[in-house]
Amino acid sequence: MRSSIAILMRLAVLVFVGLVMVSAVEAADRDKLLSEPGVYGTFAAYSLDADWVKQDQPARIAQLTTLKGVVEQHREKLAIDIYLLRGLSDHADVLFRVHATELRETQQFLLDLQGSLFGKHLIGSTIFSGLTKKLNYVPGMPDNLKAELKIPGEPGPKPYVIVIPIRKDADWWSLPQEQRSAMMQEHTEAALPYSKTVKRKLYHATGLDDLDFITYFETSRLEDFQSLILALEKVKEFRHNRRFGHPTLLGTVRSLDEIIEVLAQ
Amino acid sequence: MRSSIAILMRLAVLVFVGLVMVSAVEAADRDKLLSEPGVYGTFAAYSLDADWVKQDQPARIAQLTTLKGVVEQHREKLAIDIYLLRGLSDHADVLFRVHATELRETQQFLLDLQGSLFGKHLIGSTIFSGLTKKLNYVPGMPDNLKAELKIPGEPGPKPYVIVIPIRKDADWWSLPQEQRSAMMQEHTEAALPYSKTVKRKLYHATGLDDLDFITYFETSRLEDFQSLILALEKVKEFRHNRRFGHPTLLGTVRSLDEIIEVLAQ
Amino acid sequence: MRSSIAILMRLAVLVFVGLVMVSAVEAADRDKLLSEPGVYGTFAAYSLDADWVKQDQPARIAQLTTLKGVVEQHREKLAIDIYLLRGLSDHADVLFRVHATELRETQQFLLDLQGSLFGKHLIGSTIFSGLTKKLNYVPGMPDNLKAELKIPGEPGPKPYVIVIPIRKDADWWSLPQEQRSAMMQEHTEAALPYSKTVKRKLYHATGLDDLDFITYFETSRLEDFQSLILALEKVKEFRHNRRFGHPTLLGTVRSLDEIIEVLAQ
Amino acid sequence: MRSSIAILMRLAVLVFVGLVMVSAVEAADRDKLLSEPGVYGTFAAYSLDADWVKQDQPARIAQLTTLKGVVEQHREKLAIDIYLLRGLSDHADVLFRVHATELRETQQFLLDLQGSLFGKHLIGSTIFSGLTKKLNYVPGMPDNLKAELKIPGEPGPKPYVIVIPIRKDADWWSLPQEQRSAMMQEHTEAALPYSKTVKRKLYHATGLDDLDFITYFETSRLEDFQSLILALEKVKEFRHNRRFGHPTLLGTVRSLDEIIEVLAQ
Amino acid sequence: MRSSIAILMRLAVLVFVGLVMVSAVEAADRDKLLSEPGVYGTFAAYSLDADWVKQDQPARIAQLTTLKGVVEQHREKLAIDIYLLRGLSDHADVLFRVHATELRETQQFLLDLQGSLFGKHLIGSTIFSGLTKKLNYVPGMPDNLKAELKIPGEPGPKPYVIVIPIRKDADWWSLPQEQRSAMMQEHTEAALPYSKTVKRKLYHATGLDDLDFITYFETSRLEDFQSLILALEKVKEFRHNRRFGHPTLLGTVRSLDEIIEVLAQ
């Protein structure tokens, strides 16, 4: 019985929210934003305030419509992903990942989001940004290692997402470049066996927040992800992490419509 | 007189809440979830908001009925345990321990819980998850030690529960495997005298939160539990704990009906 | 004039609250609970919420009556002491110290307290528990030292109370027993000159919270107490405190009736 | 125009608040309390709650009248100073410094303050206490240094106040007395050039809070104060500060009437 | 369509707020305050409370008018800059940077700000102050380095602002002056390549807060800013930072009218 109610609910929500007018603008070149260097990635996590659940469902649906509207309106310039943290992370309920070539565009999106009827119920819990850079192959890295790194991961949905902020210690930055390169090669080799089932993306955050790196993971196999992190904890480079996680954000990848459905209930 | 009022109250609460329709579904294979490797255990602690106690009793009972409903609804796939922290721990009022083969199922349960009429009064305080693994006997561990570890603990209720999250330092992970094994054997031997009166369960949390392990204890003899921890603090492995507790969660094991009774009053 | 108003107020409060029916049960053997080993001591500190002071006095008095009722009801099994922190400590307003042979009894008391009309205004700020143990004389401790330790302190009221939680570092626990004993003898000798004016009580907290010890002090001479702590900071054992205080709770010893009077105003 | 409005406002506030009856009691021997050893100094910082500014001015003035009343009432036994932190410190809005020979008297004052109509809007943010001690000249300190220390500072108002709590590390306390004395002499010499424009006062806090010292500064020349702290950071003794500040409280010295005027607006 | 609505909105807001009477006083000599030594710079960051967004737009505009009034009123003595943090920083929504020759003037401005109708919605999140000092060329610094430092940066708007508080460790201050000078020269040389696109300003905070320095950056090229910080992390001096950031404040430079427009929506 539960599932039939859920289906009805789902239909109702989608019909209401589907009425939002979506301008016929081109969506941003999502693939480029998600793959090229020189792009800023911002992670903004929010909790819903205590009033949110106290509203009746039509009010919540009306407000979620404005969430959809704001996202659509910024699709022209930004790549916006959304994740559900509630139930897996105690830091926030939802997480937005926004890619932009200019951080000002991201700020405008988040201003519009927080200014929307839906946004009035958001309590900002954490926000940090980083820049994608060209993969800097360690000089002298064996060609077969480089080749293996280029093999694309297994296709199919990767429902789990993990975001781990990292800060290196002062010793790390004062090491000569070759020593750091050697350690990074060891790090890369340790990670290699998991590259097929765990998708990684790296952001350089130094100066933009109290971090040096933001590491983003997607996987359908959390056990592999755990093995990957254990493998990384055993290499020398790990000893130069002054902060690793804290917070570690764990959630599930969701479409905007799925998030709307969950929050409408 | 107090106890007769308590009995009346108890009856009243159970009658009201007992009216919840429980679907005739099979409960999850609880024993398997609680004993096998490859199962995710999630610890979710909540406080009740300030409005909870300000409601009259019938309102609270009606809401507790939805708690019972949500738990029943997910019994098919999950093993759900519930503990009372209030009065022994300043971190939260109730603690849920949920075992699942897929973390997404646990997330769905907690989403439904927080979305229920009862859940609207819950303030999430802490949530962390870990994976059970096959007991990895230290190579070279004496057979008599292995045999002793398999002797089941004393039967009977173990009313107290303690949950201690642990994070190892970077040195630990960079040690050669044999050294870690030797230290773990010392750890195991130190713990052995308490295995009959203190039940332990270990979860591997690396990467899922800012932790490496979650240790769960049940006992009827807190004094033995304290001696166990003291014994563990004296072995070398303890020096590699960067975090031990913080928070340490202390509470009592309760049935769902007992929790409902306590919260209804 | 101020004092005559105060006296009138005092009378009014005591008359109202005095109407509480006290069951004719025997009070717990308070002396035994406060002096014997194997007893759990719980320190529970609460702040009053913002609504408390906004109520009129009759409402507050009615609620304080329920505080008195709950305390009386549990006197059979527990030794309950109460302290006023407000005005001396920024952590909480009132502190309860509860002694019990079973921690479950303490939990039931605090559940009843928080569930009472008065308790609805309490915000739990900190709670930790420890176990009393038999005084473990250091082997080889000179007999005259042992004798001096047994001389009872000066009689008379000791209005000030200080509670300091302590966590030892990992080095401490890995030291051989003789070294720890030698350090504890030095510690004991340093404390001796203050044993007459500063009453101490020690609780073993390992595993029950993020602590190893809870030290409780009563004195009428805070200057002596400060000298005692300074003396203890100078011995080697002090270097093994990873945490000392944080929080340090400072307050005054009050009877239940005095607390009621202060909070009624 | 702004200043004429301000003058009118000032008059209005002073007239209203001036109506408070001040008992004809003798004020405490303020000079003695502020200069003699064996006196407890308590620093209690409060923020005003969100409701405070939402009241109309007559309501605020009526409540400020009760602040004045409580202060007057305790002037017999206590020396009470008040500072404005708002606008310079993010920790609190107002700071009280209370000197008393018995800490219980200070507690009673703060209880009365928090219980007053004005106090219902105060949110306690930080409170710590220390004891004044006789200046313990380092043995062997040159006479000319001692003489210089006795030269009184420049007269005139010193509008700025800074309070810095300090905790020494365990190494400090385990040093032999002569080494600590030598370091303190170096400290004293470094501070000497600033003794004319920066007034200092030291409180011994060990055991009363998570501190060892509270240092209080008054100056009209913040630049000199900064130079003084820089000079102190360069001496060896500074390396034994485990905590220095955190919080550092910065504000301006105000009369009770000025505080009332500021808060009434 | 979105932009035309935005333009209309902008006009409406500016018309309303433009009605504020601006006294014909001379603005403070902004250039002097921003360039000379001996000036206090205060960074005050605020969040807007939950009620702010719940008001209708006319109410918000009326309140923003008071913000404009307070800023105008203090322009005579202070240089006031304002930044938008919301959407880029989780610490606060707006940041004020205030330059004054006397910190009391800054306090008066912030008191007036918080006392205004707009200010009643501000929640103070962080405030720290520092003093500008004459650039102290390292003795022996090569003349060409000095010359390069004097070349003005590229003209044009620098939309991004970053504020990083710094605390040095005790070792730093105990180093001989020549060693610190040598390290600072290395620091200066590392920073030189970025001086054209990243504008820096340094404030000395020792004693005024739990900091030693406040570094302020403006840039249109965040990537250059990140490279600058990476370069600074590689010099020896960086190892003496006990705290670097925490919080790091990231936002965009805005005119008062732009801030008003954003907050009115």
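The chains carry the letters A, B, C, D and E, assigned in the order they are written, with residues numbered from 1 in each.
In the analysis below, a contact is a pair of C-beta atoms (placed from the backbone, for glycine too) under 8 Å apart; a residue touches a chain by one contact, two chains touch by 3 or more.
None of the values given here were measured: they were computed from a predicted structure.
Undergrad: Which chains lie in contact with each of chain B and chain E?
TA: A
Undergrad: Which neighbours does chain C have in common with chain D?
TA: Chains in contact with chain C as well as chain D: not a single one.
Undergrad: Can you give the rotation angle that fits chain B onto its twin chain D by Cα atoms, in degrees and rounded to the nearest 5?
TA: 145
Undergrad: With chain centres defined as C-alpha means, what is the inter-centre distance between chain A and chain D in Å?
TA: That pair's centroid distance is 48 Å.
Undergrad: Whole-Å distance, chain D centre to chain E centre, using C-alpha means?
TA: 29
Undergrad: Can you list the residues of chain C that touch 2 or more other chains?
TA: Not one residue of chain C touches more than one other chain, so the list is empty.
Undergrad: Just say which it is for the chain contacts: an open line, a closed ring, a star, complete, or other.
TA: ring
Undergrad: Using the touch definition up top, name the residues of chain B that touch chain C in the complex.
TA: 1-2, 50, 53-54, 84, 86-90, 159-160, 162, 164, 222-223, 225-226, 228-230, 233-236, 238-239, 241, 244-248, 250, 252, 262, 265
Undergrad: Which part of chain B faces chain A closely enough to touch in the complex?
TA: 23, 38, 40, 42, 44, 49, 73, 103-104, 106-111, 114-115, 119-120, 124-129, 131, 170-171, 173-174, 204, 206-210
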